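Notes for the one structure printed next.
The letters A, B and C name the chains in turn, as written, and every chain counts its residues from 1.
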Amino acid sequence: MLEHLPALQVVLPLVAAPLIVLARHRGFAWLATTAVSYLCLVIAILLASRVMEGGAVSYAIGNWPPPWGIEYRVDALSSFVLVLVALTASFVAPYAHRSIAAEVPAERHYILYAMYCLCLAGLLGITITGDAFNVFVFLEISSLAMYVLIALGKRRKALVAAYQYMLMGTVGATFYVIGVGLLYLMTGTLNLADMAERLRAVEDVRPVLAALAFITVGIGLKLALFPLHQWLPNAYAYAPSMVTAFLAATATKVSVYVLLRFYFGVFDPSALFERLPMREVFIALSVAAMLSASLVAFYEQDVKRLFAWSSVAQIGYITLGIGLDNQASLTGSITHLLNHGVTKGAIFVLLGAVALRSGAISVSVASLSGLGRRMPLTAFGLVIAGLSLVGIPGTAGFISKWYLIVGALERGMWWVVAVIVGASIIAVGYVWRVVEAAYLHPAQGATPVRHEAPAGMLAAALGMVILCVYFGIETSFSVGAARDAALLLLGGAR
Amino acid sequence: MSAITGHFSYWVTVFLMVAGLYIIISRTNLLKKLIGLAILQTSVYLLYIAPGKLIGGTAPIIADGFSSYSNPLPHVLILTAIVVGVATLALGLALVVRIREAYGTIEEDEILGQED
Amino acid sequence: MKDDIILRVVAKLLMPFMLVFALYVQFHGDYGPGGGFQAGVIAAAAIIFYAIIFGLAAGQVLAPDWLVETMLAAGVLLYAGVGLAGIALGGNYLDYFVLDADSVTGQHRGIFWVEAGVGCTVAGVMLKLFYMFAGRSRDAEDA
């Protein structure tokens, strides 16, 4: 059974979804989802430990050897992202029970859990596969499930947000397929490792550059790269709280993984980055994202939208690392995948608890007044997670920003360091608004009664908050794995 | 001249691609946007399948006397892509139906203009 | 439409041929154009054809809601089951070589069952889509 782990990683949630549809029972759906999430986490950790000991793991689907068959490949980078996705799913799934009951009509619960399992299967599949077209198939599986999940939100604006995301996301996936098609025409293979080898022999480079452009724009739409980020604030704000928590931590991160895999694992970075100004483009777009999105977040009234815009800015940090293109900055980017995933996941889980207790659909900054009295543990969790978002030393956010600053200094780009610090200062601004409302504003109406979040939700939320601090202090896994992944990418080794 | 006739399928692909994108961007009716999306996806099918047919190649079943076979792999890929396109279209139409029930209109500017 | 005698008679004549054609397309997928997806759509089209002419309620007597949802899920489980059978018999996931002593027959068997699963799911999906769209209330419609 152990040698089949790569296949089981994807098959387990994929099989759970039709079982949930057949059973049509809310309780069974939640139990199956939670069980599958935990099993996926166990499998991801087992695979990660195997990779750390013995190097990359390769699994041939259908026993057709690569490059003719589809290959599932687990190496340093993909095992890192697998653990991130499975970890998020394990934290969010058990907490979902109470949150969903308040936000989604009861007869739709089993659909939500089935879509959640499909989305999980798709995200894990994107990460683990080594075949370019298989990435597209899993990308669309997860994306279609995400559109349905978002559309299940309570307000009617959730439908419009889901439609907008569907339109932009499908255009992005189509662009990605066009890029893969051009690469297939030039190399004759779809296996990523084989494609990388054959690309070195290609003489006429123009279709390859076109493919690079198409794949960049296509994946950029999926990862909300500025200015292709328009769908993200609406989608995160109007989806059910548990869905937002899951998506914020995983959806864009997996798309970043695809970008990293193609840029450094398929295309020859030195040859292509010299022909096209990709580094400058990425740095410019990232700087624009970090500054403008942080400023918009500062002025937002709806807390979920505030943190959604904050996500756009944080994705700017990740793509900045790609643009700087040296080992330190890539380590920072990959570490930030995990750190931001855990931080934002914690924040949205806590906001879900706030929404559950307040009974309102959306959470405005004004409605957070007196949160420190009403829900002290939740408010405390928000403070810690907010500190991690800003990047205070001792929290996870600091680690990744530190590596990004080191990478920028190695390139001699002082102004980038100034932008990183400046965006973090603006982040202090909007986190302070939330903290101020929670602790310093008196509650509206009568004296607040202490009505903490339900125990299950609180446990999951505080677990993620503890991870924020843990990954800020004990960095051997996060930075170690990220450094291995960065070396793998830069070395071009497979 | 051969730049046009030799690459006829690519010209059609690019035309459909750009037409689909233009419809998505310029039309405010949600259904028309979906039609533009379908046209964009159709151009991708053509991009994959047209180069798969080799001039002088026969059907991809091994037979004596033939050395050049057309490529069957793009057809398999596009079957999958067509299914994905159908699923996306179905989901989009279902969303449009629900939006129509919730907002009373399917014009994007009217929807965005309505208060929550 | 069920009052028009030509439509009624032609529908009842055509439906069995449509269903048999769907089965033909299903099983000839590895020798010619066809396979699970096309066959599922044709089979669903036969029932949708019936439902359009005789009314949605009559169509739902033929293919009730619970059957359609079960077909949806069962097809996916059949496909995944073939993959897991590959693991159980000693090969990898979706390994067709181990499904029979002769590897070519194994391939044939694997493709057969996998396509059956696909056809089942696709027919279920198409019918479910038709039921959902046709079943919505018509009084909100304008001309």
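One rule holds for everything that comes next: contacts are C-beta pairs under 8 Å (C-beta built on N, C-alpha and C of every residue); 3 or more make two chains touch, one makes a residue touch a chain.
The structure presented is a predicted model; accordingly, all values stated were derived computationally and were not measured.
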Chain pair whose interface holds the most contacting C-beta pairs: A-B
Taking each chain's C-alpha mean as its centre, the one farthest from subunit A: C
Computed distance of Cα centres, subunit B from subunit A, in Å: 28
Rounded Å distance, subunit B centre to subunit C centre (Cα mean): 24
Inter-centroid spacing, subunit C versus subunit A (mean Cα positions, whole Å): 36
Partner subunit B, residues of subunit C touching it in the complex: 35, 37, 122, 125, 129, 132-133, 136, 140
Partner subunit A, residues of subunit B touching it in the complex: 17, 21, 24, 30, 33, 37, 40-41, 44, 47-48, 51, 74, 77, 80-81, 84, 87-88, 91-92, 95-96, 98-99, 102-103, 111-112, 116
Residues on subunit C engaged by subunit A in the complex (per definition of touch): 69-70, 72-74, 76-77, 80, 83-84, 86-87, 91-98
In the complex with subunit C, residue positions of subunit B that touch it: 79, 82-83, 90, 93-94, 97, 100-101
For the subunit A and subunit C complex, residues of the former touching the latter: 4, 7-8, 11, 14-15, 17-19, 21-22, 24, 59-63
